[in-house]
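Just below sit the structures, each encoded as structure tokens.
Heads up, the next two complexes both have subunit A, just with different partners, subunit B and then subunit C.
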Partner chain A sequence: MNRITLLAVPALGFLAILYALPLLMLLAKSVSTADGLSLAEYRSFFADEHNMRVIWRTLRVAALTTLLALVIAYPTAFAMSRAKGPWLTVYLVAMVLPMSLGVVVKAFAWSILFRANGALNDALQWLGLIERPVRMLFTETALVVGAANVFLPFMVLPIYAVVRQLDARLPEAAASLGATPMFRFFNVTLPLTLPGVVAGSAFTFSLAVSMYVIPSLIVGERQQTMSMLIARSFLYLRNEPLGSTISAVLLAIAVAVVVLSSIAARRLGARQ
Partner chain B sequence: MTTFTRRSLLKTSALAAAGTLATPALLRAQSTELVIGCAGSHTAWMEAIVIPHMKAAIGADILFEGTKSSVNLEKMASNKDAPYLSVVQMDDPVMIQAVEADLLTPISEEAVPNRADLRPDAVHMEGMWCNYVQPWAGVAYNTDFADGVPSWEALWAPEAAGQVIIPSLQNTEGMWTLFVAAMLGSGKPFSEAQYEIDAAFAKLEELKPNLLSVYSTMSQAFNLLEQGEISMLAGNFSSYTLPRKAEGVPVDLAAPKEGIFAMPSGICLVKGGPNPELAAAYVNEMLGAKMQAEIADFASSVPANTTVTAGAVIPEGVQIYSPDWAFVAANRRDWIERFDKLMAL
Partner chain C sequence: MSGMDFRVERGELVSLLGPSGCGKTTLLRIIAGLMDADDGAVVLGGRDISRLPAHRRNVSVVFQNYALFPHLTVAENVAFGLRARGTPKAQIDGPVLEALALVRMDSFADRPISALSGGQQQRVAVARALVVQPDLLLLDEPFSALDRKLRETMQVELKTLLRDRGITAIFVTHDQEEAMGVSDRIAVMNAGKIEQFADPSMLYARPASPFVMDFVGLSTRISGKVSAVQDGILTLSTAYGTLSAPGDLPIGSAAQIGVRPELISLGAGENALSITLEDAMVLGSKTVLHGRAEDGDRILCELPGIRTGLSRGESVTLGWAVGDTLVYGGGA
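Coming up: the complex of A and B.
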């Protein structure tokens, strides 16, 4: 083991004790029954239509959150990459500072924004887009908007890191050869920034698929997600095998996303 | 330039890891510290009344963790071999589960003399836990929308569409809507209706068009009531609504004609918990006249100590119910699953 590898020992030890070991115990619990090893808990979980709806909702919300965050983050990353001096500091602080604010506080702020006589409904009515207040609280739309707000920095920063290193002469070279702005974006800029997009999407999706506090506060118990089912299983039903099973399913989804995005990023990197 | 060897790096890492892991235990080793598990809604009076009193009366430094009763139970069960909570204040149905899991130690009159002054019905299972103060629960409403809620049927009224939030059955106060639905659905008196769970769920299904949401975090739902986003919050209790009303917020707590409920606020000693003598002294103070009067007044609750005359005034002319908590404890898990599936969008 060389000296540089040794530097990773504390982090690896920390992860082994506080992450890998509990995870193994969790997985073991999901297949342990009084009669030995069994997948009965998994069969029972997947046989329940309610659980399938919860999985679908969890994936849908995570995908929409990732998409919304990407739409907002992509131009933001370009604006940051072009910013100079104090403006760059302003952008970075604006990105990072909201992370210090608790989700509970943000949820209360959103409830003021989204309520029937809230700022958003008032603005839409003032603009003539709606005649009467529309229900926004406790909707999936509110959840996606709220979650994208919380996870936005995790999308912006990886894209910004890639965009910052983009060689500005490449689009210029394409332009000099007669490429239109649209052609330059889709054939030069976008492919070069895709590794950042993939990394940001993987971060955001992984966080969104496993979020617990945000849906608990924004949509309540009527639109449960997998994390809410896990909490319910451990804390209220006191059914550890069920909680472990749902945790394992959620983990499998998150791992699949990370692995697939890593493969995608590597292929995209190789193509360039 | 600073150099490091493999040995010194490993030694430093090991010391740092051990220090990080040991720090909480070292901090908790202080002899005057007591960690109390309680409800999040207790925060106001725990900070204003209990913490200063306990420091002055028994020299205890109180740390409290405010959360749901079932979460407190999970903390106790998960740390059964090395408890860090000394005392827990949680609801009766969860106390029953804690007794079944062998997590409690009895509150004896020798260690806690003030137990002798409690109403007999406030001492459970030979002192495994006691009720200290009990708020009453009804329907919280926004006074800008209505002058009162004369009947629980108002929750089901067509004009309340999208205007109601009810608690999840994960929360103890969620049981009140279930039992009211049982009474209204079966047409039977409470003593019989509390066992008519199929009728309760059938009636709850009729409530769905009126629901804006089902909460497991009460403060946010109450905030929406205060803002006028909803007109009624079912199952809320005097210790939360009435202090807010006293502060000038446009809310009030109704005692509908069908009856109201006694919140089952209990206190217990954790088996094998740290500082057992100080923990017993804490419980003794909580059951004593001074604390009972102050908390009951502050939180609009009914004291359990018979020598205390302060506290909430129970609304006249309505029945106050206390359900069969053993039946609740035995069936609650199934009810939670059934409720979640019924209410899911």
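Coming up: the complex of A and C.
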């Protein structure tokens, strides 16, 4: 073994003891019954329509969150890559500082803004745009918007890292060859920054598909996500096999996203 | 930048030559439409293109680092301009292969860019720029990334190619030999303005300013003062006696006197100077004498072929013709 490889030992040990081992025990729980190994728990889980709705909602919310974060992050990354001196610091602080605020504080601040008699509803009514307060909190839209806000840095930073390295002469070369701004974007800029988009999307999707605190605060039990289902199984129902089963399904989804996106990133990277 | 007026004829190869920071790349970017000028106009074929965006100018650029698209193959790079212009698919492959054949890269069509050497990348960049049949081709230091031998080969190849196809091109370079080798005319730039725009032989034989004389080729320089004028010949008094030069300066004014080293020969001529030899470098095709005149001025003299028997510390008299003497008004 290469001596440099030894530097990874602390991280590998850490992951093995705090991640892999408990996870394996969890997986073992989901397939073990009194009569030995069985997939009965999975069969009954997937047979329940409510569970399928939760899976579908979790995936939909994660996908929409990723999409919204991407749409906001992509142009931001370009602005950051062109930012000079103190402005770059301002951008980075603006990205990182809200992370230190914590989701709980954010969620309560949002409720002041978005509740039925909140600032936004008052303003819209005063402007005559709406007649009676619109429900903004406790909706899936609110969840997607809130989650995209919280996860934005995880989308911006990987894209920024790639955009920063983009040779500014490539779009210029394209322009001098007669390419319109639109053609340049879709044939030069976008393909060359796609690895950053893939990385950022994988981060954001993994975080969004497994989020617990944000949906608990924004939509509550009314619209459960998989993580909430897991928590309920363990905390309230004391049903460890059920909780382990849902955890395994969630893990499978997250692993699939990470594997597929790293294959995609390598494919895109290999051409460059 | 100001005083940038110059005109390039159709089919002409022109170089913008100057030290780094003189504004030559800025000028190239303005012509290409990658940058806006505060003032002035870019006219191409009688049409003012100053307000057109780069993609509507039909001006191709070969960049210093070639700026090939790393995510596309060689053929896809060359096809890019045609695709961007909405050329039908059926009419792309033919011109692309033709352009690649022109630069002898047709067997590399399906390779990725990362598999190419510097010289090959340059050829692909040229093919990519030419396939769209630009009205004007701009080349930004196209040879600077190549090693010396390859650079010379590529210069000859590219010049022949552009000539054969009658392409109008502007090179940007800081290398005077390269500029003299590839261009019909050269614009020498200094501190944001064009000092002289002339063909290479004129530029070398009759530089318009001391800057051009120093930047294009080597020279020996001595300061003096005009003591007499007769029939267009100035008599100049210097620390080393009087020298003569063809020129037109008022009596009593300070002057800079210059001579090209290869025009100086051993033994007194119409103008003469004695030096102490510091070094005689035998370079094969020529022998270069580095000397110092009494007052400390460095004197450079190139003699054809191999000269032996000249040793360090020796006192030597050098001479040259009045007609070969350059003179400029002003102090050092």
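Keep in mind that, in the parts below, the second predicted complex is superposed on the first by the 263 of 272 C-alpha atoms of A that agree within 3 Å, B and C clash if a C-alpha of one lies under 4 Å from a C-alpha of the other, contacts with A are read in each partner's own complex, and residues count from 1 in each chain.
The rule is simple: a residue touches a chain if its C-beta (ideal position, glycine included) is under 8 Å from a C-beta of that chain, and two chains touch if they have at least 3 such contacts.
The structure presented is a predicted model; accordingly, all values stated were derived computationally and were not measured.
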| item | value |
| --- | --- |
| Subunit B versus subunit C as contact partner of A:L177, first or second or both or neither | second |
| Per-residue contact with subunit A, leading partner among subunit C and subunit B | B |
| First (subunit B), second (subunit C), both or neither touched by A:R3 | first |
| Touched partner set for A:P22, first subunit B, second subunit C, both or neither | neither |
| First (subunit B), second (subunit C), both or neither touched by A:G102 | neither |
| Touching partner for A:R169 - first (subunit B), second (subunit C), both, neither | second |
| Partner chain in contact with A:P75 - subunit B first, subunit C second, else both or neither | neither |
| Which of subunit B and subunit C A:S111 touches, first, second, both or neither | first |
| Subunit B residues within the subunit A interface of the complex | 6, 9-10, 13, 16-17, 68, 70-71, 73-74, 77, 97, 162, 168, 170, 211-217, 220, 223-224, 227-229, 333, 336-337, 340-341, 343-345 |
| Subunit B partner contacts - residues on subunit A that touch it in the complex | 1, 3, 6-7, 9-10, 13-14, 50, 53, 107-108, 111-112, 115-117, 135, 137-138, 216-217, 219-224, 232, 234-239 |
| Subunit A residues touching subunit C - in the complex, by the definition given at the top | 167, 169-170, 172-181, 183-184, 187-188, 191-192, 268, 271-272 |
| Touch list for subunit C against partner subunit A, complex | 32-34, 53-61, 63, 65, 67-72, 80-81, 83-85, 112, 114, 128-129, 132, 138 |
